[in-house]
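All chains are identified by letter, namely A, B, C and D, in their written order; residue positions are counted from 1 within each chain.
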């Protein structure tokens, strides 16, 4: 079975996720600069989540690029990833509305952790389908960045309860780590 | 006429349906764990509906995979299916907001029943267009799972009025039945 | 320039238009059948608009099918059509919320009229680009259905002010007329 | 790496941006023509933003048409453009809700300025990847329209603080300038 519709459907869902987050930026009823001030944490949490969803789209793009065929298990592993990604707008809104409080920041980490694990599961399903010696498996490699991210999220969740900004610092750090696209796959697949 | 745009349009509509449901998870104004408690039924109804829409996307993907061409009747049979699917966010929100009460659960079953019948109609339109001896017709077979599902929904609607959770149990049961992708088509179309 | 992205973008916009209309079906706070009663006009106006947007998608699909290339003017004629289609959710909501009152029904007709004219403009831009003797121009023909529809909308707008249901009757009548897909193009393009 | 998914994802995001803006047109609770009057500025700001997003989609379409391959930097430059475009619904809503006041009109200009700069960055990333002598680089040329637009936005922001309608006049002027599709690329790529 081809991967075309899997990519198209994922693109659609990720495009909607990344765009509906902006609906949390509620239009103020007053028309001065001061009216924007309470929106600053909402804007910053939107910015961070936009970058995260962008990272997932980028990595999904890279990973699927090396895929040649999909089966039912892969379709479900992909839907599972989309499910957790679809919760990012909710936790983003919660963090923004409450001006970066501990509990919302911790829950943000829980959702990022689940996204990270779901991405890992999708990678495993793809490798299982293509074989351990496939160019996909070689290109994905040991995925040290993925393991570091998941560990960072797991650490950030309890630390957010101590102080919300520790959690935020972790999430920003992981985003910076991923911001650089996956050179491994890019170099292997280069003509 | 090609099936490309039919698939692209269906992917778009289904991607939006699956994603706008998450908007029912309203961001709480308080930042503690207790604020999440009233959202638990909303979250669970979202999860169930996400799985149902995922099942429909998966089955749609499988069925269309075996299709070679479409006509006007098929376009309308497909839009008819999308119409009933588009009502899933509404009934999901109603079930979640009212903490799984009888009437919303029964209406949820009505919408699932109509989706099941619409899917069946689409399958019939496709078989009529491709011929009873086409590989599509053979791959779809007798569709026992489809018949069992429709019967289960029809049974679940009155039983939900007795007790809401009986209806929920039926819907979860049918979801489990469909969770396993359609091996018949997959095996027939395997190269 | 290819028509691929024009089709993909139009599919995206039309998919969103057809789906966000369902957001007007606000989830009731009470869990009994009586709570659905005030939603009946909202549901019926959603159903009519779903059929209209479906008709436009179907006809767009058919017309673009016969197109071989596009230019800047066609891109803008298409965006112009999408603009008027994007107002359908607004007028649908207004008709539904006010239980089919005269002014909303008249405005609904204005938007349908503009959609009809915009579709006509797009057809003219396509014929101008492909030539009067192209298979597209022959397939589109005199477009009697389009002319009848536009005349019916123009008539329905003042008549809605006399009685709202006269307007509704016109819109339902035109929808029935278009419901049957355009056999002219289908038969000409058949292999 | 191919450009297919970059185009598909951008189409999806732009389609959602252009469509969710219409949600700011809140359905009035009264059913007479007077109820539409307060919506006129909302409608006009929607119209202007629809045209702007349409211009970006058109130009994006033209520019990507001449692209043969993409890398990680281009994916991010594209996401950066989509980020600023995604803020257009917010500033559109703010301008419309406050009946074209100075501060919202100035902020609208800030977002247009950032969109303009982000588009320029994307063009530079594409030229860097394809080479200064590529047909893409030649087709893009000196981009005088882009420079004029950015200068006009930068000028319009402080002038909006003097009087809101001066800013609006600038934005309408730039829109008219861009309304005419980029003949340079179209003529160079013509067969």
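Definition applied: a residue touches a chain if its C-beta (ideal position, glycine included) is under 8 Å from a C-beta of that chain, and two chains touch if they have at least 3 such contacts.
This is a predicted model, so every value here is computed, not measured.
Two copies of one chain, subunit A and subunit D, touch each other, and the residues they use overlap weakly: the shared fraction of interface numbers falls below half.
The most distant chain from subunit A, with centres taken as the mean of CA atoms, is C.
Spacing of subunit A relative to subunit B, judged by their CA centroids, is 26 angstrom.
Subunit B and subunit D, compared by their mean Cα positions, are separated by 37 Å. Residue positions 8, 12, 15-16, 20 of subunit D are each in touch with at least two other chains.
Taken in their complex, subunit B has these residues touching subunit C: 1-2, 5, 8-9, 12-13, 15-17, 20, 24, 71-73, 75-76, 79, 82-83, 86-87, 89-90, 93-94, 97-98, 101-104, 107. Within the complex formed with subunit D, the subunit A residues making contact are 7-8, 11-12, 14-16, 18-20, 22-23, 25, 27-33, 35-36, 47, 50, 54, 57-58, 61, 65, 179-183, 186, 189.
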